[in-house]
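When the chains are written out, they are named A, B, C and D in that same order, and each has its own residue count from 1.
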């Protein structure tokens, strides 16, 4: 079980590959990679600035991962969340869950991503040519995370 | 949208990386990799033999992918299914879905995997030191695929 | 008409595929299976329990009462276990 | 007591963090916010709409009525938007 908060980009296959050694009998691997979208409206995004709360970020991610392990039968799981200035198509977050069966891996990965959106102390600022705006929480995310 | 049925192993990151170019505004990438489990009971598995129906396999996979595209907003998706003799921890199947938002990517990937289990003409035979058995369909899979 | 068999259906019949010319009164897949079972024990062994067999006509899943015609490819196999 | 601010709360207050020593009668986070607002417009601008602010005590999410004590780290920030 690994949690990382970092400025640098991550190599998803390398990170997921390293998890295999921790797994006695892996059958299902589900990964989620979140990328910076170039636009959500008619304006072209220049960059995303991701601010985080050092210390609390790690704590929250570890809590979320512990909760997922309690709820589902996981052989290993990983969460990496980046901070700093990221350009469109850059990777923001990686979640990977390995279990014997697909049900656990899908449910846990989806849960981890939902929780990241509502419980991890990160804030996104969108940078456009004509200014910047802080991203607002989405009601949908709150309902999804329950 | 890509569908492949092959004997050779696949390089998941390479395959998924190639999909990015097809995507105008990717935000969420969900992948599922199915591996050969070394044991489901007290006996150690030597290998899995995967038989398939050439021709019908491709047709069914394309139907499933078309159905997923109808139901969810996907920028690209990929299904690779192997056949032949596979050893424990070898990769059997790869499903990858890219969309703007995580909801579509998770739902479509999960749907594709469920459908593969019940609609794709593949059959698994488990090879043990003392004999072999054809894997039986799981009621759970049928209900899950609806 | 081409018949194809997979997994334990293939093993029990002892053939991967074969070409057959059933008589004209064999108009459905169900009738085709009856006709095959009359040909030998291997077919009876393979096709005895129809609830355990799935069928496809021209590479599409169909039911037992599906009509068949000359030139069709008909497949008999157990429930699939891919993924 | 260490106070930390993030995102637009940080920008509006104009500080990343600061050390403060509120009077003894300031016993909850809510009272702490009132006390801060009395210190200047920047705090009032940042903390005016409490429904738009989340708070953490010692790096754990808490409610506005959470009791605070000396040596605590208290954080004010908008709803999170990670993932």
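The rule we apply is simple: contacts are C-beta pairs under 8 Å (C-beta built on N, C-alpha and C of every residue); 3 or more make two chains touch, one makes a residue touch a chain.
Please read all numbers here as calculations on a predicted model, not as lab measurements.
Undergrad: Keeping to the contact definition above, tell me which chains border both chain A and chain C.
TA: Touches both chain A and chain C: B.
Undergrad: With centres defined as the mean of C-alpha atoms, identify the chain lying farthest from chain B.
TA: If we average the C-alpha coordinates per chain, D ends up farthest from chain B.
Undergrad: Express in whole angstrom the distance between the two chain centres, defined as the mean CA positions of chain A and chain B.
TA: Each chain's C-alpha centroid was found; their separation is 23 Å.
Undergrad: Let me have the rounded angstrom distance from the C-alpha centre of chain B over to the C-alpha centre of chain D, please.
TA: Spacing between the chain centres: roughly 49 Å.
Undergrad: Suppose each chain is reduced to the average of its Cα coordinates; what separation in Å results between chain C and chain D?
TA: Distance between chain centres, rounded to whole Å: 73 Å.
Undergrad: Between chain B and chain C, what is the gap in Å from one C-alpha centre to the other?
TA: 26
Undergrad: Could you say which residues in chain A touch two or more other chains, in rising order?
TA: Those would be 34, 113.
Undergrad: Return the residues of chain D touching two or more other chains; collapse runs of consecutive numbers into ranges.
TA: none
Undergrad: Okay, what are all the chain pairs that touch?
TA: Inter-chain contacts occur between A-B, A-D, B-C.
Undergrad: Looking at the complex, which residues from chain D come into contact with chain A?
TA: Interface residues on the chain D side: 4, 6-8, 10, 56, 59-61, 75, 77-83.
Undergrad: What part of chain B is in contact with chain C in the complex they form?
TA: It is residues 34, 50-53, 55-56, 59, 81, 92-93, 113-114, 116-125, 134-137, 141 of chain B that touch chain C.
Undergrad: What does chain B use to touch chain A in their complex?
TA: Counting only chain B, the residues touching chain A are 12-13, 20, 24-39, 89, 100, 102-103, 105-106, 109-110, 113, 144.
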